[in-house]
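Letters are used for the chains, namely A, B, C, D, E and F, taken in the order the chains are written, and counting of residues starts over at 1 for each.
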Amino acid sequence: MLHIVNKSATDRGSLESCLAMATKGSAVLLIEDAVYAATTGGAAAAKIQAAAADLKIYALGPDLAARGMAARVLDGVNVVDYAGFVDLVAEHKSCQSWL
Amino acid sequence: MLHIVNKSATDRGSLESCLAMATKGSAVLLIEDAVYAATTGGAAAAKIQAAAADLKIYALGPDLAARGMAARVLDGVNVVDYAGFVDLVAEHKSCQSWL
Amino acid sequence: MSDMDEMEDGSGIVKKFMFLNRKAPHGTVYALEGLEVVLITAAFDQDVSMVFTDDGVYQLLKGIDTKGIEVKDFSKTYRALDGYDIEKLYVDQSSIDARGLTEDDLIVDVTVLSVSEMANLMAEQDVVISF
Amino acid sequence: MSDMDEMEDGSGIVKKFMFLNRKAPHGTVYALEGLEVVLITAAFDQDVSMVFTDDGVYQLLKGIDTKGIEVKDFSKTYRALDGYDIEKLYVDQSSIDARGLTEDDLIVDVTVLSVSEMANLMAEQDVVISF
Amino acid sequence: MQFGILVNEGPYSHQASDSAYLFARTALEKGYKVPRIFFYHDGVYNASRLATPPQDDRNVGARWSKLAADYGVDLVVCVAAAQRRGITDGVLGDNFRISGLGQLVEMGIQYDRLVTFGD
Amino acid sequence: MQFGILVNEGPYSHQASDSAYLFARTALEKGYKVPRIFFYHDGVYNASRLATPPQDDRNVGARWSKLAADYGVDLVVCVAAAQRRGITDGVLGDNFRISGLGQLVEMGIQYDRLVTFGD
């Protein structure tokens, strides 16, 4: 299953709720303001790195770039472009957007 | 100064940011989804009660009632109606909505 | 344009639809407009589950009175779900615990699940829509 | 309908306006449309302070490139504020610390304040508008 | 005492619009002055006269128009925000008008209080 | 493989509308099918043809209309959400149509994937 999160983890609880409910082996894609969580130095970095042991963590490159964060991506996070986003949706049987 | 918070403290960071920046003696009014923080049993209850030592904490009655929370208001929180909301704005030199 | 016409197009496919409610009522319209989708999905004879987690559990509280904010009280709709054959209502244990609530505070009968049970339920769905 | 006409109505009153930016750029339009209000307020010769706290500090990051999401890059506007006599830019220390950022990461020169300094600044304003 | 009100969200989707209305109406009923209400961001959607909500629900646009008629409130919609979102003179409800952001700044300068309702 | 897309927020105010567009266009460019895109909640505002954003900015409504023309996508606006918000047949952009929520449910039933973009 593919989980999509689009809100900043320093403002909303959706990333935390997602990580609590994502089962082992599932994928989490961070888009829009959620990409900050995939970067070094932030409060969510430790959570993301811990989660990366059991989950595949992706972040949308165009959203990272639009936020000046392209060069700060955490190790263990896979950066994808929109084509990669489309492929992730295609590869997983279902997806859930954590609105 | 009157601080107005309208978002649930279990979903957003605005109440916490407000409480950190409200100076001693100022007033905090909880409206809309923020009123849950003024009720017993919730995660924000301890924060609100601690804050009530230095701040005047208000909650909008119609919003409490609309959420089934009218009978669960924390001690130390003053419930006001819309007329009371208007008076609070009039009584304070300025107000800040924590959007 | 009528939903009734569309329902006649029914292909006989039954999918598992989960509606995930994470937001408090009234502050935003998602809870209300979300209910409208749930009702239509049930009318298409799909396998519908409604899940309430995070602030979404607040939607089910007893004693809601919206007169003072002059909006519709749609909380009665949750009690009517039964009549639409929507019987799978799930509430996240940790979400009600964190808000100091118990099943007795809720307007309808629900099944309370742990996070891991909820996770398994979500993983077996065909379609998940979040409001 | 032109703002220029209105400015001629200027009564000579100068008030302290604070614009509090708490939201990240691009995810929502508040940062961009907020800037428009700030520029007009300065054109009315008011005493303008811009404050960046919580996710609002992300608005000021260097190296923003919006081509991939096909929206305008308005981050250059922060560098032009000087030309509109908007020189009071304040950033909350704890907000940049919590995000692993330093002043060097920001596109403009700012004054970094502690929460209590920020609180005092806010308390002395006539008008506070939050975006 | 004069209150200015800033409404940043559209009708129905966010309670901000309802809260702003109830605040404004109550202030006027109590005898305070609310000379102008300014609609910005998605708040500009409050001004559409094309909305036809269900019979058993409130009509947000019509309610603003009536408040303006009853108390002489100036309902101003930001032109830049409105152009982005398709709110034109042709769809404006009664007593709304489109103007510039300067009208918002004026509220801050001339009135005693400015109260913001948003998301 | 067929993708359905659900757009829950209006243009400009939330990136959700931009993200949905870029996802849909990319999927179509890659050869996937996107037979229908459904606009719900404030998403119905995407359909207005009255929007006139600044010259240097994207025109969200026109962009959707062109995508539909280029690839034959069915752009469906929820009637109930649209009535609440003043989106009528008279203001619809090219290739948008107003219909019921059943069209959304059908996407879930008939397509292989349903992707939601919202707030």
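Some notes on this structure:
In this text, a contact is a pair of C-beta atoms (placed from the backbone, for glycine too) under 8 Å apart; a residue touches a chain by one contact, two chains touch by 3 or more.
Values in this document were obtained by computation on a predicted structure and should not be read as measured data.
The set of chains in contact with chain A as well as chain C comprises B, F.
Among the other chains, the CA centroid farthest from that of chain E is the one of A. Two copies of one sequence, chain E and chain F, touch each other mainly through matching residues, since over half of the numbers at the interface are common to both.
Each chain's centre was taken as the mean of its CA atoms, and the one lying most distant from chain D is C.
The chain pair with the larger count of C-beta pairs in contact, out of A-F and D-F, is A-F. For the pair chain C and chain F, the distance between C-alpha centroids works out to 24 Å.
Chain E and chain F have Cα centroids lying 28 Å from one another. A separation of 40 Å divides the Cα centre of chain C from that of chain D. For chain B, the set of residues that touch two or more other chains comprises 6, 10-11, 13, 32-33, 62, 94-95, 97, 99.
Listed for chain C are residues 26-30, 54, 69, 71, 126-127, 130, each touching two or more other chains.
In chain E, 12-13, 15, 19, 22, 41, 57, 80, 114, 116, 118 are the positions where the chain touches two or more neighbouring chains simultaneously.
Chain pairs that touch one another, listed by label: A-B, A-C, A-D, A-F, B-C, B-D, B-E, C-E, C-F, D-E, D-F, E-F.
Across the interface of their complex, chain C is touched by residues 6, 40-41, 79-81, 98-106, 108-110, 114, 116, 118 of chain F. Partner chain D is touched in their complex by these residues of chain A: 6-8, 10-11, 32-33, 36, 39-43, 45, 61-63, 65-71, 81. Listing the residues of chain C that touch chain E in their complex gives 26-29, 69-72.
Contacts from chain C toward chain F in the complex involve residues 1-3, 6-7, 9, 11, 13, 15, 17, 29-30, 33, 36-37, 40-41, 43-44, 46, 126-127, 129-130. Residues 10-13 of chain B are the ones touching chain A in the complex.
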